[in-house]
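Next up: the structures, one after another.
Across the two complexes that follow, chain A remains constant while its partner is chain B and subsequently chain C.
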Partner chain A sequence: MSTNFSHTARVIRADQVTPLIKHFSFERVDGKPFSPFSAGSHVVIGMNNGTNTHKNPYSLVGSSNNFMEYEIAVRLDSTGRGGSLFMHNNIELGSEIEIGNPYNLFPVYKPAKKHLMIAGGVGITPFMTYIDEMNLMHSNFELHYSVRDFENGAFAKELQDKYPNQVNLYIQANGVMANFNEILDNQPLGTHVYVCGPQQMVADALRIADEMGWPNSSVHSEEFKAPEPGNPFTVTLAKSDCKINVRSRESLLEALENANIEIPYSCRGGACGFCKTEVIDGEITHRDYFLTDAEKASGNCIMPCISRAQGDHLTLNI
Partner chain B sequence: MTEEISEIKSKPVYDILQYDPKSRSNLLVSEGNGLVGLVDFLNGSESIPPSTINVMCAISNAEPLNPSSYISPDRCNKMRLFDSVNALLEDLPVTLSNSQMGLRLYICGSEIFLWRVANLARAAGMHKSEYSMQLIGSKARRVYCPHCKTTSEEVTTDIHECVGCGLSLVNCDHFSREMGAYLGFRVDAEAHGEIPERKELYR
Partner chain C sequence: MTNVAFKKPLETYREDFTYANSEKAIKRFPFPYPEDQYMYSVNMEHHVRGETGSIYENTFDVDEHYLSEMEERRIVLEKDPDRFVTLSHMDLHQWDVLELLMESFAQDYPKYFSLTKDGDHWVWENHPLGIKHSFIFGDKSTLPCEPAEYITRQAQGDFVLMDQRDNDLYADTAMITCAADWSVPFDLGMSFMEWHGPVPLAHGMGVFERALKYLLMIRLGQPVRRLNWTLTINSRMDTSPEVYHEWGHERGSITPENVGEKIHLRVEVQTLFRLPRSNGMLFGIRTYLISMEDLCKNPLWAQRMHRVVKSLHPEIMDYKGITRYHKTLQDWLSQFDH
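Let's turn to the complex of A and B:
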């Protein structure tokens, strides 16, 4: 087992909240409390399907005041690499999984005068803890949440019932689309905006905020990026003098882990920078958000959780 | 040539006001001769739509410039005059809390004025990229006394007596942006009672 995991946990609730989203609650098998976390944190869940371990990051969606339970919501991605499918089909009440320590790449900016949240689809998950915290702190907040249809909007009904004045739902099946120009217009000075959802939505919201004079410091975003399948390649480890094959449906990080090589990680989505690894030889296709353009151009480091070789080989300095 | 007692990097440097074309509205704030900076700014950036410009001027100096004769009414949406800096500073938080994202604040005046306004802007949730400052007028300093935690206003000499505890303080160039004040320290810390002659440095 990877040293990155800290606890074994057991499923104490598993609900299909929408046809595509399953909501899990976990407790530690040793009965002890989990580590405290701040709103917007994620954890990596490790699930063993018998042959190998899937490790996927998920935002915590439960109350940050309940240390006995962690909650996550998993969207079924049938085109993905199997982790979410396994969570949906095989993880049920009583199942045991591994869970890492929470880490926050998307924290709330507490001094803001107002918090404006823009979510698309499963991008709602980090805002579940935001709203909980903002409600407790009596902060001024507003949520704009776009879903394909009401049925598939995780937590949509519960949010709308609980916060009718702050929650705005946009149901695309009914032809209602969020208009970022309108949402970002006329917001009081000192507002911070947080955007989480599909890549295109995040990019649009960021661009419009910039055009409307929002300073970068008031705009925060989190995108969900999962490793994409790609061409298989061979990786040579210069220091340990061995060769590993990376198959088309596994990430470089996963291939290393499967060969029992430990690389630190947290987000497994190219954002946190933990897994940065030095490259000695080979062309890289960079897909992360962490490295600067100059670092990417230099070609001497890679984020193995998400990026791959461009050609058929890569040599790492590990 | 006068030599300042200390030279520390935190001493702020001031620019001339620069228009941010991404702004949706522009608030220009000045005190005394700072008006000159606003006029230069407006003359240098004729592309700013007048409807997005609001001006607030304090005209408290002995020989006040009359803003109305420098900024024509059709150059801005609204111009408001205040007969003291304090009156302007009292109004500003209200004006800011009624403002929207996309506002840029342009501040021109004495160093003390710049930081008093900047602190109000920060308290209103503005980031430093949303306001710019130009220094025109008095370089008199606010000096913070670390012994009694009082801030003396309008200090123009290198050494002064703290208004709170009366100790003689030398003010160094260590500047706190939060307080808009320079840090003072006891000039006779090592040999009590030995106070060098003071020099006027910041006019």
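Let's turn to the complex of A and C:
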């Protein structure tokens, strides 16, 4: 599974929907439709800033029934490695980017009797396609969406207008906070809960669900995160006998790609397992969700999309 | 463009067993053994297009037996409608499969199948079966039956639609009329491990753990395939437990005189496709039958068949129901291996 499928696509709409979130629509440059996709899917967007290529995963937010366009929403992260900043400042109408085939690490649990969604901030994005599918399938659903203030609630008005009985909005600036104990209480048997949002919110919701006795198998959260910057290091490739420098704002995977070494990937956030690579030498700072504790302790493999060297070097068996 | 010489009159897979392979069909038969000895393995490869005329030329193979096999499916379903079963959360998967099969057929065999789309208004034409139907994609009431049943009544091979959840695959919809001795109403809703429970040896070898991990990561547009095999007496497609009384006793009918004609190598080309709308998986089981007589026209196949049969592990032999006639078959095949 080494091929990372992608299409060249062009921006056909770019709207600043909140001060921090920009909403993009793309069409394929070859005029063909994109593939249909399942609710909760993400795509990897590849953007070239002239010197190298950034690749970030984003949830698809558009209708799962219009394949002429793919839509994503990008939150500006000024402390990140520059991908979202580039999307906000440099990607405009007519810009061309690379867009990969959809992959789903946060799928709807189809046999659930009821779907309970808990979103915070930009964590609303995967639920845009959830709600679309649930509406289509006439499923029983409920959304609890927390935002800092109304101005920062992407898609909040549109969701409230369309689904007044199912959407509950919590505007923190008005002192309205979501109470997870209340939300999770008294749900019918067969309910599945999905959580996506800031790390602390997800952790709180999962902890409360656990304390209330929800079975783990009925609680789902979007787990992948963006790679964080770190110290620069050197990586030696044992098989191809070469050395590559990984800069501080670059992931190991990106550094390998910029040296034209192709590694299979999907989520680029430490969750899917595609990019697992064997390590021969060097200490690793593991940041992924994929490897087991035993694998992490063994120190002989790394998820280069998100993890880095602890010291100044790593040797990979590629 | 692929041309298919559909067999007429229709062949039978029961009673008088008129099923037979043409020279062309023999030549393209998917002989399944890479070595002289057979053992379970995770023998999966990418389902990429093969050379013209081969069974891998197209995404789904339509061959000379198409009309006969579809009639056999109709007969089985008429006697036992439970050979198509589905659970209620499988609607999206069903539409996914209908779309995948219709699009693949129309693209690969434009002479025989066509699909016209105007938004959700679709028109499907199947010339060999004389079908023309307009329907609304996503609206079940515009089809005569469930979407997966509708399209798999027009596609050779068995089909299982799997839902992916809890890092597992569940067999939640199935059209199974040519089962190699397994029961779909019994297995419906089972997880991957439960479903493969009866297979000997492979569990201890870790084959299913590795296979499941691989399958869960199959991506859109990158299907995979593997071959599986067993032996069947007569050209009988429906060897399901539901009708064991019709075929079980035939294992006792093998004599040195009738081996070549009666024993058939039964090969399943199993394909796995990620389904886009449902995030589920299609598991296609396309069955090919060939008599020992026809198989042994190829000296390399004949020699290898002998060696595989001779060295077969007793537990696999038992599981595949070969034990009773194993010696007779091995003796007969030995004439091709000097």
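Basically, the second predicted complex is superposed on the first by the 312 of 318 C-alpha atoms of A that agree within 3 Å, B and C clash if a C-alpha of one lies under 4 Å from a C-alpha of the other, contacts with A are read in each partner's own complex, and residues count from 1 in each chain.
Rule of thumb we're sticking to: a residue touches a chain if its C-beta (ideal position, glycine included) is under 8 Å from a C-beta of that chain, and two chains touch if they have at least 3 such contacts.
Quick caveat, the model's predicted, so the values are computed rather than measured.
Residue by residue along chain A, chain B and chain C are tallied for touches, and C comes out ahead. When the shared chain is aligned, chain C comes close enough to touch A:F274, but chain B does not.
In the superposed model, A:N104 lies in contact with chain C only, and not with chain B. In the superposed model, A:S266 lies in contact with chain C only, and not with chain B. Of the two partner chains, neither chain B nor chain C is touched by A:G82. When the two structures are aligned on the shared chain, A:F37 is found in touch with chain C, with no touch to chain B. In the superposed model, A:Q187 makes contact with chain B only, not with chain C. Using the contact criterion defined above for the overlaid structures, shared-chain residue A:M137 touches chain C, although it does not reach chain B. Contacts of A:S217 after superposition on the shared chain: both chain B and chain C are touched.
On chain A, the surface patch touched by chain B in one complex and by chain C in the other comprises residues 111, 217. The residues of chain A lying in touch with chain B in their complex are 111-113, 184-191, 210-218. Taken in their complex, chain C has these residues touching chain A: 87, 89-92, 96, 99, 138, 163-166, 217-222, 275-279. The touching residues of chain A, when paired with chain C in their complex, are 1, 3, 5, 35-38, 40-41, 64, 101-104, 107-111, 133, 136-137, 217, 266, 272-274.
Chain B meets chain A in the complex at residues 20, 22-24, 96-97, 99-104, 124-127, 129-130.
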